[in-house]
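As written, the chains take the letters A, B, C, D, E and F, and residue 1 is the first residue of each chain.
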Amino acid sequence: MAPTADVILDTLDALDPLGELPRTGWLLRGINPCESIAAHSLQVALLVSMLVDACRAEGMIVDGEAALRMALVHDAPEARLGDVPMPVKSPELDAALHVVEERLAAELLPPALHGAWSAAEAGASLEARLVKAADKLQMLHKLSVYERQGRRHPLIDVMWQNPANLRFVDIAPVRRVYETIFARAGRPMPAPR
Amino acid sequence: MAPTADVILDTLDALDPLGELPRTGWLLRGINPCESIAAHSLQVALLVSMLVDACRAEGMIVDGEAALRMALVHDAPEARLGDVPMPVKSPELDAALHVVEERLAAELLPPALHGAWSAAEAGASLEARLVKAADKLQMLHKLSVYERQGRRHPLIDVMWQNPANLRFVDIAPVRRVYETIFARAGRPMPAPR
Amino acid sequence: MAPTADVILDTLDALDPLGELPRTGWLLRGINPCESIAAHSLQVALLVSMLVDACRAEGMIVDGEAALRMALVHDAPEARLGDVPMPVKSPELDAALHVVEERLAAELLPPALHGAWSAAEAGASLEARLVKAADKLQMLHKLSVYERQGRRHPLIDVMWQNPANLRFVDIAPVRRVYETIFARAGRPMPAPR
Amino acid sequence: MAPTADVILDTLDALDPLGELPRTGWLLRGINPCESIAAHSLQVALLVSMLVDACRAEGMIVDGEAALRMALVHDAPEARLGDVPMPVKSPELDAALHVVEERLAAELLPPALHGAWSAAEAGASLEARLVKAADKLQMLHKLSVYERQGRRHPLIDVMWQNPANLRFVDIAPVRRVYETIFARAGRPMPAPR
Amino acid sequence: MAPTADVILDTLDALDPLGELPRTGWLLRGINPCESIAAHSLQVALLVSMLVDACRAEGMIVDGEAALRMALVHDAPEARLGDVPMPVKSPELDAALHVVEERLAAELLPPALHGAWSAAEAGASLEARLVKAADKLQMLHKLSVYERQGRRHPLIDVMWQNPANLRFVDIAPVRRVYETIFARAGRPMPAPR
Amino acid sequence: MAPTADVILDTLDALDPLGELPRTGWLLRGINPCESIAAHSLQVALLVSMLVDACRAEGMIVDGEAALRMALVHDAPEARLGDVPMPVKSPELDAALHVVEERLAAELLPPALHGAWSAAEAGASLEARLVKAADKLQMLHKLSVYERQGRRHPLIDVMWQNPANLRFVDIAPVRRVYETIFARAGRPMPAPR
């Protein structure tokens, strides 16, 4: 079912705060102002488009439209919830957040985009795995951008060492981007969990 | 056990982000820049000091030091977690957040302040109830400040109408402050739940 | 030719400023802080994904992946150039900017995304027309968001009255979104040029 | 005399700017955005609560409620006056500022908090001395936080060397916190004046 | 004596904070972010250049270079002191601030610009009176700009009614600009003191 | 023809955005918040006043009022156009921007200031050459200020090495300021083109 003009505008209204909400993890590291959730999501989508091209060049079949839709909405529920930083999460909190996010995704998004969010969250398809990898790749790349600007913080080393930031390194183009980020930052890449 | 100089400085370090982290609910309503968690906590503590005076004038016995300590740290775990806006919370999310906050409070705070946080969270004592009331009174007062500045938003009416924002109105000085906030804003006060 | 990991990271570096650069037109209207170019681009892409669904529901054939790629990079050269507000542009300035943007797009983007930018700029395909329409639809929608927040400015009326902000209203789903934006804002829709 | 609801809300209104006003000394050192007066005051109050605990552990008698109230309002007049940076002050300016602050404290604060402000300003009691020490301890600690973030400025060395930033080092827990701040920052502690 | 290259750069360094420091009075009225001291000074200088032209057209003899130099440095000491809002000032505070500002002007500025600051502060010459008038005209004009943007605040009416904001209305072009500001804002002009 | 009160206020309105608009080149280098166009223009005018004194000390005849007016308005058209960063400009873009700026200068400025803008742009007189030199001197000095604050960026070296940033080094006081900026920054001065 196609979205009506009213649904389209309600969706834009609902997702509008993504441009104002900060990625909390940077504020916790003294980086203020910092990247918005919208700026993050745009970079994830750009990264996904390039990973799709790299995967196809190696003969993989990828649904590019599906992957890009997943990237665009992968943080959509944060428009109501804000960005909860990863390191504090417990399995129970993750589970409860997932339920709330599922409810918010259903409320905020029209069916087609809701489906894209759910598929990304499930992480089963190649497209979803590319989005989940890009979510972390973008974060580590942004960290390297901040470091090159001269920003320092005691919690920055932890980010480079956390194996939870490595995702789906079994996909060759993903692994190469991880390796290049770590090499350019002069940091050893942790062993994936 | 008294905090050593190292513990005191570790605590300041740990709570430092409260000054940078925004109260997410205002960003969601298009108010940017908005109040920090630190600015909120300071106002809650000031409000508690005045509620303590008002309660004592009516013959209640209040431990003022305990109440102020609770006010100062009532949002301490948000220094790691950020501010999760209330309307999205489910009972399960509330429970999981509580567990994470309890863990963070234990990590970030020395024993005496950790005890203050736990007592505030429990909400059993008169002091804790004053802090929980002040938490909401401050929010509604800040809303009235933003409204007087000409800020408008579709979600603002909902805040004035939500009975969950009324807490411990059975304490007479608390009730009078609620009534005066609503009267000054020209808004009807909802019936407490 | 697929982008290498180095090319992928160079592209992220090159487009990183989109998250910091403001949409200049809002600053000129006293809205500060305002939307970044990245936040705008994300909303354009979301809007395009919904317009694609609406077009397909009416039987049109749309290449969704191509449309989304165009949306993601339609303002990519602004990462070096900043956002030049439309009303000041002359035909000569438009032409000279186009040449510079073409050069920057070639420098900043890998071949596949450069192709997407050029196709969007050309505006010939249905996909490109959806992106150009979404570029203006997003701007008018954001204007309505700012107005609802209580922002006022002498130059705001001009934006609502400028027929240059209406693009490709011959595409039925596009026209319906325009009509709904104007109706919700309580503004008459100007006659398209 | 207990504050009425009207007085309580007038006080919150009056002190509301503390959350927006920057600590001017940081802006002068190129740190922008920087800590607000509210964020500073909250940290001073937290520090005082821990110093109170440390003093009690050494057998000193401290009125914790009084100390916390002093901390909360020690910069209250700055809500009207802004933060005037210390190094520029002359004895005459200090005296004239004190008179204006006394007038503002009387205008902005209800009697009980006005008394707390005056006692803090007088600096005679142990409680007041803890607040005055915490005011400087917080400043030096925040300086160390900014330094760890990679911020540099020609005027920063002066702050570490200024003996006027050492206050009431005769109180043992205060002295230990000073020593630890300097040790962690790798800076020699100046001789108190 | 002409300034050497070292003196010129020391002066730029010394006055650099004017671009970061806010005009405190706006923050106190909930306008955040607000005009910097540098933005204010630039507008005062532009206004002075136009008042000079208007005075000359009426046959007055004005030293335009002197007037512009006074405008550029009239707030120079605030680069160290910050902006102390007018309404809180007492005669004693004004006198003590003047002494400190005189010292800072001598420290921060080379002789020629120090002379310009002193002449502006003295307010004796026509040029100095134009600068002092422009200082207030700019403030009232900026207030009208903020009002047109939809900003509201209880303390705004007071600014329009304060006769201390009217300066040197005996100079005909100055008086006409005051009258036009009030007329455009739809406010009655108070009687000069 | 002298500007009327209406023209004076229209000019202030028109140039008001200079205080909000960022110097885009700094944002592209990760410096956020950064200097506004107004803060830049004020520093250029201050620098020009000191260069005028230095030139006069060497026997040159300079029209100080004319030079200061040129400095004040040299970026006036950017109030509508924003700041387009230099490195992206082509000869064609420069030419087209010049035409648009000429039109905007005529629209935004009264005749006397429009004349000052045109003379500055022409760059023929000594006064105009001082303004054009000061425009670049201020930029390099600000770069050194940001570097001393610990900011780092891959594109910073390029700025120090670009001979296009050296202007009118044949004027002795200008050359000495350039040499001192480079010497203080510990950078070799490039050979002028």
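Structural remarks
Everything below uses one rule, namely that a residue touches a chain if its C-beta (ideal position, glycine included) is under 8 Å from a C-beta of that chain, and two chains touch if they have at least 3 such contacts.
All values derive from a computational prediction rather than experimental measurement.
The fewest steps needed to get from subunit B to subunit E, moving only between touching chains, is 1.
Fitting subunit A to subunit F on Cα positions gives a rotation angle of 120°, stated in steps of 5. With centres computed as the average of Cα coordinates, no chain lies farther from subunit C than D. Both subunit D and subunit E derive from one sequence, and where they touch, over half of the residue numbers involved are common to the two copies.
In this structure, the chain pairs B-C and B-D differ in their number of contacting C-beta pairs, and the larger number is found at B-D. Chain centres here are Cα means. That of subunit A falls 41 Å from that of subunit D.
Distance between subunit A and subunit C, defined via averaged C-alpha coordinates, is recorded as 23 Å. Per-chain Cα centroids separate subunit A from subunit E by 49 Å. Along subunit A, residues 30, 32-33, 145, 150 each make contact with two or more other chains. Applying the touch definition to every pair of chains gives A-B, A-C, A-D, A-F, B-C, B-D, B-E, C-E, C-F, D-E, D-F, E-F. By the touch criterion stated above, subunit A contacts subunit B in their complex at residues 17, 20-22, 24, 27-28, 30, 32, 79-85, 87-90, 92-93, 95-97, 99-100, 103-104.
Here subunit B touches subunit C in the complex through residues 30, 32-33, 150-154, going by the rule given at the top. Subunit B meets subunit D in the complex at residues 1-9, 11-13, 15-16, 18-19, 35-36, 38-43, 45-47, 49-51, 53-54, 56-58, 64-65, 68-69, 72-73, 110, 112-113, 138, 141-142, 145, 173, 176-177, 179-181, 184. For subunit F in complex with subunit D, the residues that touch the partner chain are 33, 145, 148-150.
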